[in-house]
């Protein structure tokens, strides 16, 4: 089999590191370029000692120059860059014939006005939005297969959307009552020298942040609205907890009148039967992040409280796995006609 | 000043350990007895090396025998025992003239039928319920001063009730829409040799549990209903996170029509002005457990989301401090006419 | 390729769990049996939810019965059992024609008297010792290839022996001055409901234990003595630190008179050139456990202090990886003529 | 009692925070000034929300200006500043009549040449060295009482010196064989935005650093040499482990010929009988940091290995408590004629 020549643009953060981990071990991938402005010139194994004897890890970081990337023969590029920065290089790489998997927010929102509302600056490439596919493989496998530009979903949205979408599609819950509380590991905040991310500031600490309008709300509501067939507005409260990786999300919503609680389990089963990376824990199943870290799985359990008529959805994923790098690789597999699970069968 | 002779019954768990820490340093307390069935005969400093040179820590654990406790001259006893067990010894100590501060659930619920529903066995001492005071000092200071039997609130309820009560009393929020999500440190699960509480099972893990009907719901709804003047039923989802101590709670509810968001802040200010252990963080304040661990403080911030009309209440406390031992000491101070903050001025 | 039918005996602890993780992903292995006295009858994915959708994980735990294991067609068995228990089942499986990789201490010591001294009971199968090979693949690859019974080394010994052996063989250091200090993750203490292993007892804690004569000293000194050509006695102090996995070991010893410090680096390079799982960090390299967790690597750095003439060896490995399950799989690969790195190329 | 007006200069790091915690609760202290270049103008409770309702915490950070500090009437100043910076302000405050407790390294070494060797620049105030006292209260109580300038010891040195000094004074061990391995919590590395101190870089990590010549070696060897009556050179290897606070140190040395092992315990007992902050755990006692965090205690246990004739000393302290802020407060108590334990009786 010819391995697909692949580049990682912006490989010095935690999502980049996870992409490295996955792509170095991917049987269908040949890693041909890794870029990082601040690490350019350093060997991959020097920046990330974990990878220093991995086959294929003899690369040296280069500057994120589109021509240099294209010159490596790369057919695909993963972008793990800040929003606003990703769009420009995405365009340049698309123009040079690469397929692009963008992990930033730049292509997730169909409406540039929503982007500006949530990200505080005009959209950097509105003309590219139409060609971009929001890369939730459990929902849009066919579109992903045909796409050249994937907007890989955010970590929080993935953990909220996968449990909720089938329930909204099935008209089982009252969209007005949706409240999602998420707890994220610190890697979600990025690999940057910030006082608030120091070990001693995060260890033995738990706190909400980003309320009431975290940026991820924009894509959450976009996708929920599509599924519901009407505008959906929800509450989302993210929290930081002292783990390296993992997101646990608990979402509650009222069951609509006349719906039997069992319909919840049935809708989830129907939506995710045969999906390799969704593990349904059934009624009463309490998802635990420790079972999904470093995998591409999302575990989903649910419960029903007849006293309040609320459904409780409990999901767990790895924020840099299924919530970032793993999910992007899953889309990549679909784009290139590989098996969906290639390179993602780690436990 | 004569120091009050005090006993701790059931001092070998984490709440007992916190009571020890607080009472050994309390200027108005002479610790005269510590009991533990399994540690009887061992020196306090042997069981808890942390305390082995503390003045007053020369005690040896004794069996929880009411006569032996009374014989020490104890005027007050803190009970840190399992529910069901506490009631019996509480009665025996009350009969011997001691004031009792019970940290278990045995006297928290006014209605023995609710106790049986949530705890799975008939109430062990229904005749004592009328004399028991639910010991939230910010709410019932006068009753606590006059009481001989305090039912000290649970850790989760404290973190949920203090933010919510003023809003329900003031008819500011829709009680039907209340959803509380809490994250607790592992000490809340007790000091017992259970596989699920091992370091390697809890570290790098986050998970919901006890849904949909955690036992603490019973006292939460009792107190919320009193404040609202009508029956209140809520959703409460506890989570376990890898910290030793601390609870962060995020509670959401819809603002009632016609209420201005500022009323939230005003109600909190009015309720807690001058209360020494409530720190209001104001609008946008995100409470962090790391600021309250090993103190008796509860930090409360709030936010309002005009898109959903939901109020977001964020509170943080130490689950074995304000959520258990500290709060009981606060009630003790009131009962014995001491300053409310005596022995609780640690930072 | 025919995959080798393989059993894991005693698969419910942390080493068993790591063996499961590795063997489920091993391209040359078909897992045919997993045993556990306490989990017999339960599905593998129920006991370890992490593995519940792994291909090959449809197994159910069975009792550790040799006939039942042999009946599955197993050609090899990994034993992750307590010392004293492993010997008996090893014998039974060897008699049934299986190759055995024992992770316990039962076959590590050539001299049954030393076993009795350190383990407190007579050796359970002294007649099998002659056929057993101490399974350090970097040292005894040829013997491992020919063996039917592998005594896979302990976690601490691996981290101490690999840096020291070349220096003793080369007569570079004074064996009398060797002092090894190790820090281990809590998984090394096993998966058992013990109060001292609770999250709240281990988190925010660091402590020495097992001094002065930890059981692993016996195999450490056996192997060092072989390398030195004379009886070597050393100091070894293990410590428990709050990480799930990983051992960091710092070993000091005096350079012999007349030896140049550079000889240290040369000896390490010579010993481990081409060895796939030893990563030499060179002079000044400080090994960090976070670079080796969940891999089969051991990282080794060294430094020299001219003021004291002491060499400082710093090594890091995963205690349940290279220190247990990974190393056993490495031996297995050699025994069955596979590539040494098969199934161990995870990062 | 008149409380002593006290300033903390450089109060925005972890040692400064610990000094704040201790001095805010100290019955004999009135905190009159807290300085920080980067936090000047901000309220103390804003920078450290933990303290925001503490009595006496209504202060605002000011610039570290000696005149401004003196103008507050401060009689004493604690300096928690980087080495090199502390000396200048110490001089200015001494000239203004304040007693100074310096937590930096600037006045710890009697010989300015050693300072230059280890700190890489000429000593900033060699004329002040003669008047400075190395503030180990268990060793130099009388000198501390008479001093105006205290050089409070480093965190590692405290944990190494207290166990070793009595053994060297008593000529019990061979100074040439001393090897000290320490594990420190991350607060020891300071409160600065450094990539290597991020939560995700320190959690699930253990590593040696600073070998072979950590700066603290200079004061360790100075004090050991004084005790031994001859030049002592030792090996010291510090490690970083994922806890907020705490140092566990294991020190080994050979017992001198003709010395009975029991002499170790006797020497420790004799040296520390009646010392309020040294807790001797006796033979076999393995000190655990979790018993000393947030206290001024140092726990010391020991063991003897007849096979190697090595003594093993195990000590545990809080690196920012007894290893920094607590110890400085202990010296302060002695300087001002207070009880040695005032303000340090927290558990």
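Order as written gives the chain letters A, B, C and D; numbering starts at 1 within each chain.
We adopt the following convention: contacts are C-beta pairs under 8 Å (C-beta built on N, C-alpha and C of every residue); 3 or more make two chains touch, one makes a residue touch a chain.
Keep in mind the model is a prediction, meaning the values are calculated, not measured.
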Item to check | Chain pair repeating C-D, as identified from A-B, B-C or A-C when over half of the contact pairs by residue number coincide | outcome: A-B
Checklist entry - In terms of C-beta pairs in contact, which of A-B and A-D ranks higher? => result A-B
Checklist entry - Can you give the whole-Å distance between the Cα centres of subunit B and subunit D? => result 36
Checklist entry - What is the distance, in whole Å, between the centres of subunit A and subunit B, each centre taken as the mean of its C-alpha atoms? => result 39
Item to check | Distance between chain centroids, defined by C-alpha means - subunit A, subunit D (Å) | outcome: 46
Item to check | Contacts with 2+ other chains: residues of subunit B | outcome: 201, 203-204, 242-244, 288, 290
Checklist outcome for this item: In their shared complex, subunit B is touched by residues of subunit A numbered 177, 179, 181, 183, 201, 203-209, 211-213, 233-235, 237, 239, 241-246, 248, 250, 252, 284, 286-290, 293, 303-305, 307-308, 310, 312, 314, 316
Item to check | Footprint of subunit A on subunit D - complex, ascending | outcome: 14, 185-187, 191-195, 197-204, 242-244
Checklist entry - For the complex, which residues does subunit A have touching subunit C? => result 21, 24-25, 49-55, 204, 276, 279, 281, 288, 290-292, 294-295, 297, 299, 345-347
